[in-house]
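Presented sequentially are two complexes of chain A, the first with chain B as partner and the second with chain C.
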Partner chain A sequence: MTTTVLEVKNLLTQYHTGDGVISAVNEVSFSIPKGQTVCLVGESGCGKSAVAMSIMGLIDPGAGAVKNGEIFFNRVDLLNIKKHELRQLRGNDISMIFQEPMTSLNPVLTVGSQIMEPIMEHEIISKKEAKRRALELIKLVGIGRSEEIFDSFPHQLSGGMLQRIMIAIALSCSPELLIADEPTTALDVTIQAQILDLLRSLKEQREMSMLLITHDLGVVAEVADYVIVMYAGKVIEEGPVVELFENPKHPYTQGLLKAKPVIGQRQEELYTIPGQVPNLATLKPSCFFSERCEHCMSICKEETPSIQTFDNEQQVACWLYKEVSIV
Partner chain B sequence: MENSAIIIKKIKKPTKTSLWGQVIRRLLKMKMPLLGLAFLLFIFMFSFIGPFFSPYINLGVNPTNINQPPSLEHWLGTDKLGRDVLTRLMLAGRISLLVGLGAMIMSVTIGGLLGIISGFYRGIVDQIFMRIADVLMTLPGLPLLFIMAAILSEWKVPTEYRIYIVMLMLSIVGWPGLARLVRSQILSLSERQFMQATEALGLRDVRKLFKHLLPNIIPLLIVSGTLSVGGAILSESTLSFFGLGVVPPDASWGNMITSANSLIDFQKRPWLWIPPGLAIFFTVISINLLGDGLRDAIDPNMKRR
Partner chain C sequence: MKGYILKRLFYMIPTLFGASILIFFLYSLVPGNFIDADPNLTAERKAELYELHGYNEPVFIRYFIWLGNLLKGDLGYSLQFQLPVGEVIGNYIWSSFIVALASLILTWVIAILIGIMSAVRQYSLFDTLITVVVFAAMATPSFFLGLIVIKIFAVDLGWLPAGGMIATGSNLTGWEYIKDVAEHMVLPVLVLTMLGIGGLTRYFRTNMLEVIKQDFIRTARAKGLKERVVIFKHGLRNALLPAITLFSFELPALFGGAIITEQIFNWPGIGAVYMQAFSIRDYPLLMGFTIFIALITVMSNLLADIFYGIADPRVRVRK
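Coming up: the complex of A and B.
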């Protein structure tokens, strides 16, 4: 049995908006074993990033809060931890790569000094040694001319380079868990592939666990061990990557997989899931996908389906399968 | 053909484009700010080095030679105590410039620090500092300075400490505006993603404040600091004109103009009050030109230059 690095139980994160309180993350539970990559998939606004922010404790207290649930990192309760202990964990044991490399680096500091910062913050180390480590990290993420890059400012580098720098910063203290929030969204396809390869090989070298947040199923197929599909703040299906791709059970997952363009085949029109993501503020107990579901039944409009496990470790929250199992 | 190839190569040569390199290059292209800078350099040399070339620096009053019009020995004439006006103008420049710079440094330090702390921590700290600033800003500046100066005169503060106290007074009046400006900048910077990233990296507050936020507002501090030197020199002159700032025997441009108070001096002896007046006028104008130029050069939104 492999050890669990991160365990999230019944997480409920709510934001206050003009329309009322919305549950961006609604009773989400999952765990990440050591050395594994878990992917969180879903449309924009389904609460993927809110999960990451909740784990990091970065939810702006003025906008929302984690209302319920538990988050354990190596058996440490992240929600009831002292502030300075959390600060020591962040960047050191858990680190995060942000979505927008262009805006996530301080524009007036050199790239090098920004890589050195977490090292100097979390380890007792001389400036010279930190610089040596920073140069090594720049090389590690596949950028040549490390000395030159070290002294350059963020605006002088391209998006792909900056994302590599972000990865270097995230890796600087050899974290156990890396949370990557759409690390490749802002990049073009060739760079995407390089970044993913890099993340995968680094993960293997360092036995790091990874929580990868993305809406790109190609990325999921590439790197994930385990996939969690979210819709409107809820987990609707999860399972090992191969099972889930071969045999998607939830109509939403099926739709997502159908909506993906296949290279080499030109279709008249790409498949789209009809309808829109529902307004989270006005949800009643129901299957949140029912409005858009082609298999919608009367019970779907009345009760929220609970999650149910299949033999092949796949889990689905859908009334379709409930009925089957009852019958 | 070959020539043009060489020229192209020269142009394409990668230049070190650090932030400050760019600022200096942009500044060097502007005429008026450079003119201002040149005049400021001149007035600094005039005030700080000039007196050493004056034969009258160690001579005090000379009752046999009072109120002389400009002549070859005394280029700007002498005052009612027989002192050389040109030498006094230089010595007064020292004090006026020092007071301006000192008040600027103090108000930038106080305003910057309180502004950063208010903007970063928000909440109760912010409330306290900003309410103090509000109170100071609702009181009219000049009467406030007069009252403070009058109290000081009452306490009989030794003259040699007066200029430091004048600096302090000016910075007390000057910091609230800057603190507000800095605070608003910090508030908007805090919402930027790189500040969230520093949080995710587990950096200490001190590091966030002074390594990440401070460098971002340094341009703002430089520009408003530069502009505030002019204001401080003016306020000091006003105070000294009313005999409440730097008091004789120490000279400042402001208390030299005091001679314009008497009708005879005003009508018959313009060499007593025109030179210090012009010195104030040109110094403040140069500072403002330089400040405006710096603002344009630093502003990243003005990339088309």
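Coming up: the complex of A and C.
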């Protein structure tokens, strides 16, 4: 019996845009069991990052807000606790790393002081002790010369090193849940592999749970235990990683897997899913993927399919399978 | 760093040389001078004075004489005061300086605080209100604003003196004297602050708005830091960086005097003296003072670059 670290139920997060109100996260539910890595996959703009920001409570109130749903972290309702209580969880029990390591650190403060900051904020600890911890963390994320790195400024380090520093900051208070929002997207391929290995081994050492957001299916195959595929703010398919990769059910997931270049196979043209992600402001009740789907039926354009569970724990929201289950 | 400063000091020489040429010839080529401007002088006396002050020499020769004196530290001789220019500047500059310094500090502190607050609450009622007030203060001419505050605070309410630097006929000393000067300073400082605050507030609002959109602010929030720390430690320092240049532009103004405001409040500052020197064509004083301001401007620029190096690790000069 595994305990659940994070549980998201019917999350609805809306943003105001020039076109009107859009639902970046639309009735999304999932949970993360202790020690597991859950991957959130989808194209750019499908609401993956909005899920992360909703959990962290970092949505700019001028731009949008969580409108409905529940988020429980260790049974604490994150949407209904006081601001300062949420602040005390952030960086302490839940921490986050971001896509762009080059801009995610303050350019005028030393790397060391930025690692020490969350430790000093969340723990009663002397400055000297915090520094010792920071130096340890720098070593932990695989950078040598920790003293030298401690005193350097972000512009003096490479992107890969900065992302390691971001990981060090995220791990500084030994969080139970780490949210990684496309942590390797801005890095080149060899560094990507190193960072993923680092994240995976640290996660195992510390029995952390991880929510990894990515659009790279290669990354998913490497680290995920469980995969959630999002499209236009909705979860359209989810399941254990092996099942999902071997037997994708939703036409969108099938398309994504087909679009992934395979090493050693040279194709004239890479497969692409035709069409574009729809404008979230003008969506009507329908399957949001119907415009681009090669199996589109008349019902797909009229009603939004609900999610249904298969025997192998896979869940999918698609009309193709509804009919089967009805029959 | 030492080499860099020396190099920059060396670069100042041609700049100041160019400034001296401009200043001297612009003033010298203007028709008329102090002697011509006095209708009470006889022709013989005029010729005598021309000879005495060297006006009969060709302009070029006069430039080099002037430049030679400058290099010896002699700014010239004020015809109006019958004193060396250096001494005249020394007599009046500090009264301008205290007013300018007080209003500079007030302007910056208030502008930074208001700028941050309206950036953090962009488009709120506070932000809108501040924008309106700030633009109104900016758009009001200094003489009008000066007269209004005199009317309200000096005439109607009678709280503060209307002009001058000390109460007429008083010969106070020590703390009493300082208190008297401070009372007289309030209105001019208020006017200068109101005039300066508008642009600066908008400037800090814009800077801060840019900074709080940055990724590292999101990181700071994700660390669970208090909002106050996020804004002041992570935001403000980055928003202040570009203001260093602006600050260096303000430094010469500390010594430049506020011409109109000093005139209105009858403040015995260098700005008022400068204005007077224009009307009676005391060119040596004008030239001497202008080259003095040029020197301070060039030095402020150097100072700005040095400050930048200290404040922003990205532009720190490599040793």
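Here, the second predicted complex is superposed on the first by the 327 of 327 C-alpha atoms of A that agree within 3 Å, B and C clash if a C-alpha of one lies under 4 Å from a C-alpha of the other, contacts with A are read in each partner's own complex, and residues count from 1 in each chain.
Please note the rule applied: contacts are C-beta pairs under 8 Å (C-beta built on N, C-alpha and C of every residue); 3 or more make two chains touch, one makes a residue touch a chain.
These numbers come from a predicted model, not from an experiment.
J.: Please determine, from the superposition on chain A, whether chain B and chain C clash or fit.
T.: They clash: once the shared chain is superposed, the two partners overlap in space.
J.: Touch test for A:V242: chain B only (first), chain C only (second), both, or neither?
T.: neither
J.: Classify the contacts of A:A63 with the two partner chains as first (chain B alone), second (chain C alone), both, or neither.
T.: A:A63 contacts neither chain B nor chain C.
J.: Who does A:V108 touch here: chain B (first), chain C (second), both, or neither?
T.: both
J.: Who does A:M297 touch here: chain B (first), chain C (second), both, or neither?
T.: neither
J.: Kindly point out the stretch of chain B, out of 1-9, 19-27, 55-63 or 73-81, that overlaps with chain C after superposition on chain A.
T.: Only one listed stretch clashes with chain C, namely 19-27.
J.: Using the superposition on A, tell me which residues of chain A are in contact with chain B and, in the other complex, with chain C.
T.: Common interface on chain A, chain B vs chain C: 56, 58, 87-92, 95-96, 98, 100, 103-109, 117-118, 121-122, 153, 169.
J.: Could you please specify the touching residues of chain A with respect to chain B in the complex?
T.: Going by the criterion above, the answer is residues 56, 58, 86-92, 95-96, 98, 100, 103-109, 113, 117-118, 121-122, 153, 156, 169.
J.: Could you pull out which chain A residues touch chain C in their complex?
T.: 56, 58, 62, 87-92, 95-96, 98, 100, 103-109, 117-118, 121-122, 153, 155, 166, 169
J.: If you look only at chain B, which of its residues touch chain A in the complex?
T.: Within the complex, chain B touches chain A at residues 17-19, 192-194, 196-204, 207, 211-212, 215-216, 218.
J.: Residue numbers of chain C touching chain A in their complex, please.
T.: Of all residues in chain C, those touching chain A are 122-123, 214-216, 218-226, 229, 234, 237-238, 241, 311-314.
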